[in-house]
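Have a look at these structures, which come just after this line.
In the two complexes below, chain A is the common chain; its partner is chain B in one and chain C in the other.
For the complex of A and B:
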């Protein structure tokens, strides 16, 4: 049991610390190598995972919908970009990295301020209010040109790496390790929040505000706190964005971006740490899959690449209501007969194959229904009885 | 908690991530990237989905159609041209992502016609760092050609909006001295650059800028901006606006019974304006331009353009398709000059030695000149007047070219 876990972690570490960043140096060590473009892609996955984690704390665990996280990412990114381009923080790599917590903290403070009025709003009303935040962000960035450089945007040049690091890593690898380290730290922070008193309070408020209040949880306090923490994550993501992309402009943080973040979290899996990471991976990789599908020259894809994306979202919501993480969790728990059962269920759902009873009888043993339908959040919160 | 299940789900996640990241790793045998015995591979980032795609997608497909036509005629340097177009959603982060994919994975020879100021801003430093030619950026920002020392691999294509604004400003001071000038502009880099140029071009003793009205590209109605311009007593209105908004300006002014001189940026010199606004109302509106109007079917270049677009799966002929062909023709010309030294450096040198090249769909007298210190391709415009339902070029060609 523990040995298996050690092997698992070793594999993960090998994958993250060697295979992605260095496999092209000693290509014989691994069956296939990943090029420098894949390192960059992994970097962006780590970057988007941070905002997805933050949004998941707010939406997945605390039940507050935000369509305005693009605004928070923008604040973090602009804080970092302005410090680096106008205040000379780009002279020194240490200051460069320091913009990340600074960007996060400033964004967290803004998030707290936004969280206060949000207390009075729930559900769709909150969604619309945060959408307004996302819509006004580019306009505000255009308006205060003196500070934000307006429509020109800000290009940031990174300082040379310190000698020791420079001899080992190139810029791409350095950024990968930076983003990876931050994503891991933030994932651990999120993991701990979820398993602490704070996280339990978040979930209690999501499930029933009245019940939570009756148990002595201060609903306003925890709701604004969720907003502030979530914004902090988004701000950190924004500051990392500046280092990786090297350019910010009002057009980088449009309304669509905010909606994409929410989609990312929902597709990955609400109320799941793993889901946030998988969602970020999907966000980065799906357009490439779209591109591959387009090369097949199917009739619809030529005209509207958006159609595939939209259709895949609908399919995910129908067949993976708990997102990618939820489905992984289900698959991981399944015994073979259950897989067969589920496949025939699936076939029936889409109108293929035989009727229910026949499919059922072909399964060796009927599975306990408890396993087939795991409790709501796939983070293991509620299935602690089965260990 | 079911530990085994949980760990297995983690492992499954890892396996999925691995699968997703698997890439066919091309072997790199020290050859010139993007050049084989039969092909020259070029790359481009452009929006193919989202709201910007509705406007700009025809540019990429016109280029594809033209390259297809050239390939059917035997290609260039005995090779056929392959243009890989990647969707960037007009998002700077995605633009950098797909450009890295084109350069590092698809190994293209060069990026040509990367579209949009914001998306391209995220990639041009990277391309210069990697020494990948970044030819003919599809954006009117001034920065692409302004610093060839630090960004030797980046070359712009169209007249930048700042220069165009200056040309319009000078035209106003020469032809409408003493009149009050107003500006309607889109609140982004396009409008702001135009404003800066106009300010520089207008002679202060002759004309005064009395009203600056901006709108957002997401706006629906700009009536109040038009009213403000009228109430400020404006006699000459400059429009740094996209066709839909320019149409509102022209028809709105006409409905108010207000008849100022209207001068529009070259993005409006398109027959589509006459579909938005009745031709009687359009009569006398001025604009700048550099392409032969696409409705001139009597011109051989336009007739040929229509033929090519029709035969090779191109878009409907419009200013955008003409623009795409002009860019593609220039790329073919530069590639043709590179045959002896088909490398990235050779391509850049050939581009920098381009002198007096006339792409067929450009107005007569507008030539492309480039040099080691001149990284703007087209730098000339001609005034157009709306007359009888079409745009009529008139007057001299105003050139800002420094190398010619």
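For the complex of A and C:
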């Protein structure tokens, strides 16, 4: 480990373990404090990062689009909530935590079952088939109310914390550490998957199924496995959701939620562990823009964050082809001429720049200067679509 | 039997709405390889534009309310300009990128249109006037009445939607098959490099594809609005059904989109009717799951034919 890395990790640990959870109690060591609402936000970022990691394994590394991860999150959440409310797993905090792996495993099994038919579908067809899964989820949850308590949802009450922890942490801080620990574990798991035989098989299948097959990789086996692992992550996220929010109902898992998971992953950066986390952070923090607008005396409405979120999706995709994580990789090498080059490229593409070649004839354009297209980030990116 | 026929008829009516929006989706997909998730929201936005003209209040300013068909025509012009501009400004910079990138851009447009519409016009549902009646050689189109066909009844509005869907399909077929521009667009979709070498302005063709699709979407929006009330999320359900319909028919087949929409509408209606308690005596299934059943049918069809009913299987060189 280099010295820079050690310092980096120490700063990160300071931020995650002290600044976020404790700065409002011991405020002296940092320039500003983060209140309990910020702790809650950090908790939700950790929670969404888990589902983003799983979806990134499936979409970013294995090249299978899923618009149905809301269904998997719902299965994990309902498993946890039913165990806690109907089977008495809520009288002991250890059992509460145990619902998280149980929810993950059950969801993983369902993911495996979904992965088998998904083998035959690619591109838009797979996207719509998984979208169908997301669309039917709320209706199925409403229908089987004997199990799911129907439209009234399930309320869970968290048990008292163990004595030692209870004297140090309040509920918000405890949940923060729980979510953080799980996010870190899952990130390490994802990191190891990506850098193992399994992950290399995923990437090989994404890049060319035929070439992967020729190298002796069993394509159906690894594709269903990618679905199962991805669903496991989503199920874990769902179970954590129950602990944090304390309530599930069919409305919590609408279609838009599923679509948001995919945007989170792509905005953060496909095929990047860091990207999943950055994407989750962006997703949670963008609605904060309203507060910023108010401070600047601009009209802040309920719709402003939505418009800005949409606009930022468009802009990120135009200017950061490899998502937030890809740009982080490039940030060190970013130079002013490069920014100008990017802007003038953009102007030319929409037909504004006078000197450049005409819009739409980019194939005939002379090769741009070499630094106009910086090297790919090491993690690479899904290159050609599989439709 | 009468019930069955009536339900099939109702299914055809809702199905043609799905088919119309599916047609717009397929149109963009075929000519530009983009799946446009903002299609429904664009249609909603243009329908609000039409509503402003009809209502006579343009964002706080008062104008003279327009006649339906003038507003209709102006809206079509507005929609095609909007579609063309979107392609130029937003889609052009990400052209040729992975499909997911473009999908996310259209999802961004989705969020922008939905929130802009709520911001400008509020979330309260508005009544959108149905088109006035037209009499053509003794047959009434639009209007409030209903037509008796044998033992079944279909409202003029539903009938018109069906006719418009079929009409647009025929017009598009003629456009793509028999006009030079249509040929150029097909060429662009098939092989843009070769098309460019043949002297086709590929960029303009893509812009035209978006304009056309926004126009078809606007027609759909204005026909659906009287049925569902005009409000920002009005196209959400229709859009998802339209996607399913487009996939069922095959993403690259325009007739497939319409047929897919009709099948989806009929299946949904029949399942909704015949799974009620008086027909089947089970607890685990019921009309509440009609959407799930319709989607299940689609997934099953896809498993047998992975590129939809009418889709062409594409072979790729390794």
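The rule we apply is simple: the second predicted complex is superposed on the first by the 316 of 387 C-alpha atoms of A that agree within 3 Å, B and C clash if a C-alpha of one lies under 4 Å from a C-alpha of the other, contacts with A are read in each partner's own complex, and residues count from 1 in each chain.
Everything below uses one rule, namely that contacts are C-beta pairs under 8 Å (C-beta built on N, C-alpha and C of every residue); 3 or more make two chains touch, one makes a residue touch a chain.
What you see is a predicted model; the values in this text were computed from it and never measured.
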| item | value |
| --- | --- |
| Touching partner for A:168 - first (chain B), second (chain C), both, neither | neither |
| First, second, both or neither for A:142, with chain B first and chain C second | both |
| Partner chain(s) touched by A:65 [first = chain B, second = chain C, both, neither] | second |
| Which of chain B and chain C A:321 touches, first, second, both or neither | second |
| First, second, both or neither for A:184, with chain B first and chain C second | neither |
| Chain B versus chain C as contact partner of A:343, first or second or both or neither | neither |
| First, second, both or neither for A:284, with chain B first and chain C second | first |
| Which superposed partner A:6 touches (first chain B, second chain C, both, neither) | neither |
| On chain A, the residue positions that both chain B and chain C contact, one per complex | 139, 142, 304, 306, 309, 383-384, 387 |
| Interfacial residue positions of chain A with respect to chain C in the complex | 59, 65, 117, 120-125, 127-129, 131-132, 135-136, 139-140, 142-144, 208, 210-211, 255, 259, 262-263, 266-267, 270, 301-304, 306-307, 309-314, 317-318, 321, 346, 349-351, 358-361, 363-364, 381-385, 387 |
| Chain B to chain A touching residues, read off their complex | 1-3, 5-14, 16-18, 20-23, 25, 48-50, 86-87, 89-94, 96-97, 100-101, 103-105, 118, 121-122, 125-126, 187-189, 192, 216 |
| Chain B contact footprint on chain A (complex, rising order) | 1, 4-5, 8, 11-12, 15, 20, 32-38, 40-42, 44, 139, 142, 150-153, 155, 157, 241, 245-252, 254, 256-257, 274, 277-278, 281, 284-285, 287-288, 290-291, 304-306, 309, 324-325, 328-329, 331-333, 380, 383-384, 386-387 |
| Residues of chain C that touch chain A when the two form their complex | 29, 33, 35, 37, 88-90, 92-95, 97-105, 107-116, 118-119, 193, 196, 201-204, 206, 236, 240, 243-244, 246-247, 251, 284, 286, 288-289, 291-292, 295-296, 298-299, 302-303, 306-308, 318 |
